[in-house]
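Two complexes follow with chain A in common, the first pairing it with chain B and the second with chain C.
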Partner chain A sequence: MSGETQTQTQTQTQAQSQSETEQGPLANWTQGVISDPDQRSLLYRALFYAITIFFLVTTLFPFYWLLVLALTPNNLILAGDWDLPFLRPQGFNPQAFVEVFEQIPFHLYVFNSFVLATMTTIIVIIIASLAGYVFGRLEFPGRGPLMLAILMVSYFPPAAFLIPLFEAFTGNPVVAPFIGVELFTPPRLVNTPGAMVLPFSALFLPLSIFILTTFYAQIPDGLEDAARVEGTTRLGALFRVIMPLSAPGVATAAVLTFIAVYNEYFFSSIMALGNEPQQWSPLVGGLLQYQSLYSTEFNLMAAASIVGVLPVVILVVVAQERIVSGLTAGALKE
Partner chain B sequence: MARVTLNHVTKRYEDVVAVNDMNLEIKDGEFVCLVGPSGCGKSTTMEMVAGLTKPSEGNIHIGDVDVTTLPPKDRGVAMVFQNIALFPHMDVYDNISFGLRLRKYDKEEIDRRVDHASDIVQLEGMLDRMPDEMSGGQRQRVAIARAIVREPDVFLMDEPLANLDAKLRVHMRTELQRLHKELDTTIIYVTHDQAEAMTMSDRIAVLDAGELQQIDPPLVCYNEPANLFVAGFIGSPAMNFAEGKLVPGGFESEHFSVEFDPSQIPGASVGDRVTLGIRPEDVFTTDRIQNLSSATASLDATTDVLEPMGDEIFVYLVLGESAERSMEGETASSNQLLMSVNPDSDIQEDEDVEVVLDRSKVHLFDTASGHALAHGIEELPGSGAGGGPGTEAGTGGRTGADTESQVTEAESDR
Partner chain C sequence: MSTDEQSSGPTRESRRSGPLVAITRWMENLGETGFAYLLLTPVFLLLGAIALYPLLRTFELSLYTNIIGTGGPEFVGFDHYVSLLTGESDQWLPGTSQFLWGDVTVDGAFPFVHVQGVFRSALAVTLIFAAVSVFFETLIGFGQALVLDQEFRGRSWVRVAIIIPWAIPIVIQGMIFYLMFHPSTGFATEFLANYGIVAQNNTLNDPASSLLIVTVADIWKTSAFMALLILAGLQSIDRSLYDVAKVAGASRWQQFRLITFPLILPTLGIAILFRTIDAMRIYGLIDSVSSCTVVPSLSCMVVATFGSQRGLASAIAFVTAIIIGIAVLGVIYQQYKEGL
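What follows is the complex of A and B.
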């Protein structure tokens, strides 16, 4: 018996080696990947690195390029004498990072954007939490259509709201269309954070509500019941139990909102009547200050961009830790 | 401290009536077990008392306060949930102290109570674990501890011991009883475990399909079930039932009959369809009836299957001379009878035996309505040994027949 199988395997290996000599190297390699687990894991690892490197390069190259531009003196940038393909900085001028703050009060622009983003994020998370609780955890007639109506806000381009909002925020009375009845006169909000935070909150709410609704809906009813019997109100249960357990969702909604507002320029450039930090002009407005009628200081713009991005980078790193710890700290088991 | 009263409480969901017109009065400091088959509305009743769901109709009082519309936090209740419901993002200490911290107790008091509670449920040294690092039984103990630290007026416990092993369950059972004695709180307790219900509670409330069937002390529920459902539900293994009708000489079914005076049964007359019930431990072989005050005429039977349980043996009997085994399914005219005998009995399978029923433990129910007619039946005054109509065999030894003192339990018609 055993002898028989031995001779069988022998003939098999012989046939195999024969076919191997007949096939080309590519066919041999594929054959190896299919049959040999070592070779297969090697291939997987190679693919993993290739894809990781691709993504790293595409995401990190812009930052590298900013750094190169920031360090290269402006006249050399304009000369455009780059040594391809490595695009090294032509010269070394870290002074640009100081000059950024000397030419204009750039830190104030960063501060404006930071404050606007923080305020909007807080407002959005609080309101979206309440809405997410209602839509995700309560049964009531008209829930579906109402949710759809809220999501519809985000279907409109923000520009559609700009003119009426600008009119209202410059202190003109709001008049009901067609019938001409004056409804109310809003305070003059232009040049204040209100003029930006209000529309941003409205614009970014739908997405956050949607995210938090799906997250809050997944928290088991029993946990909320337990919290309420233990002595919280429904609201208390939301903030003490449901929200902490939805930390990844809350962090996602918060980070998305924060970044969107931090980078916003379109609305704020109009609601801040002049491009002045005192009028709550945002970060991007500050960047554009390095461009004057006669010259553009590319190295300063690049350096300022890097400075401006830093707060977001820090925030995302912190939030990511939250997200990861939120995911690992006690899976939701009932 | 807190009496719990449910007045005509009904809870309807879209397609089911979970609780139907429930009237329940639980006295201050009483330990009441809710029992009933799955889906009969036990958890729903608890949730309504806790305030987690609003009754569709009726009102609920805790103490003298109408709590029907009060939120759970203002009701002074603590609850152990059927699905445990520990907060996954808090460690054991935080879980247990959650309610205390909400009520702003000071640190030492919280520590003292948490220590005491975790002592009771044997959780020492686990206070900094996260819930997902614990076994099901440990989590359940945390849930119990979370309820007892609050020292509430009313405890609601929905199957709190379901996930524990037998030994720990017995331990927790005594601990809960001690706790009950110590704190003197009202406890409403849901369980599927008959032993728990029988041993722990002051009264058992039996529910079926959202309706309260009976609420009485455990032994009353056991000995004087109010209806067929309670009789079949309480007690394990379940009571034997035989459908038949009242005849002038007593009860007669397809396979056997029992002689008594039908006029002693209130609310029933000859010709009515009735169901006779007898518990397995109240069926005796004729050689062991010396200590019976009053036994029925003996019935011929053949033993079928034996189930030795250790402390007793369950014997499945097939009634009738011919002893054909009718297969299950038609419980109505089943000729099967379950008997429990001493473990040292030398009874064998497929053996012909004669059995008698303990008269004082025979239950009669109205077949149509299910209501109990009588618990225990008296002997026919005139009839000596002859046996009622249709009694196949002659008399077995009827030794204890003359002492009729005990048999007067027939008064009850609960």
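What follows is the complex of A and C.
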């Protein structure tokens, strides 16, 4: 935006300076920018920093808003006297961060999220490793179409899977589509980790498969052959040689899967029927509980959000290289 | 299979026996294709059970009417799909939501085509949301990528700051914007309502305002994802091209227009398709900021109806899958062209 106005003023003053012999400071400066490369690069630099600061403010401001709300005592929030445009906490009330855990057992929800994310990550890494080995290192008929099919699955909306999965997870018999034959009656999975870990694993498996395929394909054949000569089986070579050598790739896939599960909303909010921590309801359930049951405790909602966001912020700061390379490799290279 | 191997086991060199050894030996003796499909079995099982089976079963269920609490399902063929198009099934949708938009009239008054109740239509809301959010995410993501492509001090910290919104849980993203616009807490309503951007009262129950808020929230969160994809494209551009351009006397704008933009275009196309597919699945953000009654999206309608009219919910789910499937075909075609 500021670039546009700059060029506008530039052209305007250019036209002026041609007609007038006397030049104002602005016209002088624009002349300098046009003719002098040093001055021009200074302008570019200033614009660049302005844009960078704009992006930083817009991405970080919402978090600042959470902090403001969490620290302001609730009665002052309801009074609603914000000193715009310089929003700041009205008062200082860190007690909210303790109360968050007292009002409802919020730590249990966070714990559930961690358990679900860890379970899913382990399952996904094991299955995706096998598939990544196959797609990255073996030549066999049907390789291309199979990869496309797996890619397709990851794009379908979870809503298209919801109804049959919900029926099966609530203990109704699984019926073969269009034939009407009852195959088996699954155990009642709702309110257990299984009802969430299974859909999560399927939804987030494809991304990990593509990341690991890229990494496993890069390990030289000689290393695998050497391991095989030593007497390991093919699977042994995968888990003892290829996987450790691709540790960065495995870490990338693991971090992305963990974040994806931690952030998931759709199945997390539906498969735990009552938003209770005993029903394995994750973070989503805890925050929705605040939104519906304690609908005026705004400082607690904000404090709970900050508590919930901290683990991923730490993960992003620690693993940013992995996230960046994983997202781009997973989405673009394959 | 393994019993066969066990019986032939003793003829082999290994002195150990037992089922584990037999299985290992059988696996080692498989051909490459056999081994490949064996290792893929868990993938097939998981995706078959959690994706393929539900998709087919959803289609089957959509052919039956199954109103919860009124006895067994009854076969109705494609009636649900027809009633979605004619608007007969809108009564089952929450609030005043519709599937298709209501009355479209064309006359001479600006803007010539008048559509009644666009923001009540699940299909229109989903498409509008996807188009608007992806458009702005692409623009902002491009800007962020250009910033991150420069060398400067503190670059990795700027990158962290830009990625963080992408990494936060949807429910917290929703909570932030819920708190910003809630009548009792939000500073933003008062501020923006003065300019007529959002409704003054009951902002989160006003369809147009809520859709705007949800869209902005999504742009805030997912621009970073676009930025990372575009950044990857930017960094794969051969730097010597810029040296040539400098020698030839090209300005920065010319460098961008003649080198950066054409070379980034394929990446941009894929990234936009990815995001569009993802945006059309919108559910959680709406549920946590506003409600499915106020901002109806396709996924929303599935969740809202599957507790009462399971057949209709399945039909909506299958239509959603088809619409997204069309976009997926675009991606597949791109990948195919590049020779997977």
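Note that the second predicted complex is superposed on the first by the 244 of 334 C-alpha atoms of A that agree within 3 Å, B and C clash if a C-alpha of one lies under 4 Å from a C-alpha of the other, contacts with A are read in each partner's own complex, and residues count from 1 in each chain.
The working rule: contacts are C-beta pairs under 8 Å (C-beta built on N, C-alpha and C of every residue); 3 or more make two chains touch, one makes a residue touch a chain.
For clarity, every value in this text was computed on a predicted model and none was experimentally measured.
Chemist: Would you sort A:225 into first (chain B), second (chain C), both or neither based on which partner it touches?
Modeler: first
Chemist: Residues of chain A touched: more by chain B or chain C?
Modeler: C
Chemist: Output check: A:106 vs chain B and chain C. Expected answer is one of first, second, both, neither. What do you get?
Modeler: neither
Chemist: Kindly classify A:266 by the partners it touches after superposition: chain B alone (first), chain C alone (second), both, or neither?
Modeler: In the superposed model, A:266 contacts chain C only, not chain B.
Chemist: Touching A:241, do we find chain B (first), chain C (second), both, or neither?
Modeler: Only chain B; A:241 stays clear of chain C.
Chemist: Look at A:233 in the shared chain and tell me whether it touches chain B only, chain C only, both, or neither; answer first, second, both or neither.
Modeler: Both: A:233 reaches chain B and chain C.
Chemist: Contact-wise, after the overlay, does A:160 reach chain B, chain C, both or neither (first, second, both, neither)?
Modeler: Touch status of A:160: second partner only.
Chemist: After superposition on the shared chain, which partner residues are touched by A:298: those of chain B (first), chain C (second), both, or neither?
Modeler: second
Chemist: Tell me which partner A:210 touches in the superposition: chain B (first), chain C (second), both or neither.
Modeler: It touches nothing on chain B or chain C.
Chemist: Could you give the residue numbers on chain A that contact chain B in one complex and chain C in the other?
Modeler: 233-234, 331-332, 334
Chemist: Considering only the defined contacts, which chain A positions touch chain B in the complex?
Modeler: Touching chain B from chain A are residues 220, 222-223, 225-234, 236, 241, 244-245, 329-334.
Chemist: Could you please specify the touching residues of chain B with respect to chain A in the complex?
Modeler: The contact residues of chain B facing chain A are 47, 50-52, 71-73, 77-79, 81, 83-89, 98-99, 102-103, 130-132, 146, 150.
Chemist: Which chain A residues qualify as touching chain C in the complex?
Modeler: It is residues 44, 48, 51-52, 55-56, 58-60, 62-63, 65-66, 69, 77-78, 80, 82, 84, 87, 126-127, 130-131, 133-134, 138-141, 143-144, 146-148, 150-153, 155-166, 174-175, 177-178, 198-199, 201-203, 205, 209, 233-235, 259, 262-266, 269-270, 283-284, 287-288, 291, 296, 298, 301-302, 305, 308-309, 312-313, 315-317, 320, 323-324, 327-328, 331-332, 334 of chain A that touch chain C.
Chemist: In the complex, go through chain C and note every residue touching chain A.
Modeler: Within the complex, chain C touches chain A at residues 24, 27-28, 32-33, 35-37, 39-40, 42-43, 46-47, 49-61, 143-144, 147, 150, 152, 156, 158-165, 167-172, 175-180, 182, 184-185, 187, 191, 220, 224-225, 228-229, 231-233, 252, 267, 270-271, 274, 277, 280-281, 283-285, 287-288, 298-299, 302-303, 306, 310, 313-314, 316-318, 320-321, 324-325, 327-328, 331-332, 335-336, 340.
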